[in-house]
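Here is the structure we will look at.
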């Protein structure tokens, strides 16, 4: 299957060979988008992934060559390798990797034209600015700035850009001045190849805890169904017996059936009713004796 | 609280809670009846909706039992 | 509940909860006494510590107070 | 509790809770049936909506249920 | 719940909860017995201490009050 | 509980909970299927609103029910 | 939830929750199986202690509303 690489120059062949080797040596290979990540942050991310995952930057064409050479289901990763893609190798499962990459994201200043990932809110409170043209600049983009005690102050919290809206140049400038960094920047996993399957972010965003809690939920549903529909199983028969006994007791007390299992409950109910009536009688002038209370 | 039990017995049996009835019940139970207390009880219960008071007993969770969350 | 009130009245008055006593109290209240229920009541109370059952009632959460976890 | 269980068995099976039926069920379970208890049971249930009573919470005996806060 | 009550009735009467006994009790109640359900019940009860399950019920939150976890 | 899960699986998949379907699912899971239990399951679920039965909280046996706050 | 039920069915039957087993069970239930979801399930459950999760369910009786899973 070296059909695709036979005409490449030597260094490219070596690069492709290395990519192929890395893919084969790891249980997972992913495609990540590097777009817009400053070099300094890439270094930081690499450091925090060290020992767990390795990021390999390569030209898209070489990645494509490597994947096509390997063929089979991994070749489908090609569809996800666009723009400034890099490969990531790890022996973790795709959920772990997805979470790991989420954690490496950091907040950065917004550039004009970017989309707000969430509502961008300027918090209420004092700023470090002295009075000056800054007040007008802030007010221009709708931030309620005022001068107070010789400092510029934001009078109340204000949402300047809603989630999904584009951030204008003026707003971006104001946010930079206020030191607000609304953008999540980091490696975005676009697809992961793991155990002969391509995992896309929509599957990976469901985390393990969600599965675990669904397991609990399913177990509860099964338990409820077994008890409520009276389908005895070893796990639920005690609960079913308990339900039957409680229902029998309820009937016994409600109907005043004087049987040993319920007579104490009936006494208890009579006693409580007596106390209730005694308290009301006391309210209406009947003096209670000490033994009552 | 024999007097209250007597009243509840009568109420449950669908009888009026009168001096005579309460006295009769208490006597049958061998209680040395104090007329003044009977009168006081009957007077106190005159304006009371016993049914309501009883049903409150079934609802009001006792302070002690309120689970500390 | 008349029967249990009669029993508790007797108990409170320091009398034994026997068929005769319960019947007497109920009759005094004008109740048409069913012997079977009296017998069942007295039998059920035989091994029960009434005092204990009463004191438990004082602490009971009346309706099922759902513990808010 | 056998008598109550027998009554609920019949009720759940869609049968009437009569003296005969209760007695038959108890006998089949090997219980030495006391007629008085059967009569008391049937009498007590006569005016009761069993379906409703089943779900109405009885007063729980409670020291044990008090949640450890 | 008929099947469960049959089992509880037998247990309370001091009898073994076997296929035959459960079937006999249900038949006495006029129930068209399904063997499969009897078998399933008896199998489920094999390793269960019924007495314990009953006594636990006494402490249980009375109506099915679901603690919101 | 395998049988219950098989029923839930079928219900969720929008399939009828029949003997054949339950058996097929259990077999696929490598379970040595007991026809009697399948029949008991299907019979028990016949008149049950599964959606409702799933979501109604059943009270578990209860050492556990004492909420440790 | 079908995928989850399938996993629990296998677990309860003492089988491994593998791609093949989950797929087989789902297919038997007439579900149009999505490979990626099966794999995601199996991968996600790798680090989940199913036994523990189940025992949690048995402890907290909960009104288990169906999720939009």
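Note that the chains take the letters A, B, C, D, E, F and G in the order they are written out, and that residue 1 is the start of every chain.
Definition applied: a contact is a pair of C-beta atoms (placed from the backbone, for glycine too) under 8 Å apart; a residue touches a chain by one contact, two chains touch by 3 or more.
In this text the structure is predicted, and so the values were computed from the model without any measurement.
Asks: In terms of CA centroid distance, which chain is the most far removed from chain D?
Replies: Taking each chain's C-alpha mean as its centre, the farthest from chain D is A.
Asks: Work out the mean Cα position per chain and let me know which chain is farthest from chain F.
Replies: The chain lying farthest from chain F is B.
Asks: Would you kindly give the rotation angle relating chain B to chain C, two copies of one sequence, based on a CA superposition and rounded to a multiple of 5 degrees?
Replies: In short, 180 degrees.
Asks: Could you state the distance in Å from the CA-based centre of chain A to that of chain B?
Replies: 60
Asks: With chain centres defined as C-alpha means, what is the inter-centre distance between chain A and chain E in Å?
Replies: 45
Asks: On a C-alpha centroid basis, what's the spacing between chain B and chain F, in Å?
Replies: Inter-chain centre distance comes to 50 Å.
Asks: Need the CA-centroid distance for the pair chain A / chain F, whole Å please.
Replies: The answer is 32 Å.
Asks: Residues touching two or more other chains, restricted to chain E: which are they?
Replies: Residues 1, 5, 8, 40, 43, 53, 56-69 of chain E each touch two or more of the other chains.
Asks: Could you list which residues of chain A touch at least two other chains?
Replies: Residue numbers touching two or more other chains: 218, 221-224, 230-231, 233, 235-236, 238, 242-250, 256-260, 264, 268-270, 272-275, 291.
Asks: Using the touch rule from the top, collect the residues of chain A that touch chain B in their complex.
Replies: 269-270, 272-282, 284-289, 291-292
Asks: Can you name the residues of chain A that touch chain F in the complex?
Replies: Touch list, chain A to chain F: 218, 221-231, 233, 235-236, 238-239, 242-243, 246.
Asks: Show me the residue ranges of chain A that touch chain E in the complex, using the header's touch definition.
Replies: 230-234, 236-238, 240-250
Asks: Inside the complex, what are the residues of chain C that reach chain A?
Replies: Per the touch definition, chain C meets chain A at residues 1, 3-5, 8, 12, 37, 40-41, 43-45, 47-48, 50, 52-54, 56-58, 60, 62.
Asks: What residues of chain D sit close enough to touch chain E in their complex?
Replies: Listed in rising order, the residues of chain D that touch chain E are 1-2, 5-6, 8-10, 12-13, 15, 21, 24-31, 55-61, 64-65.
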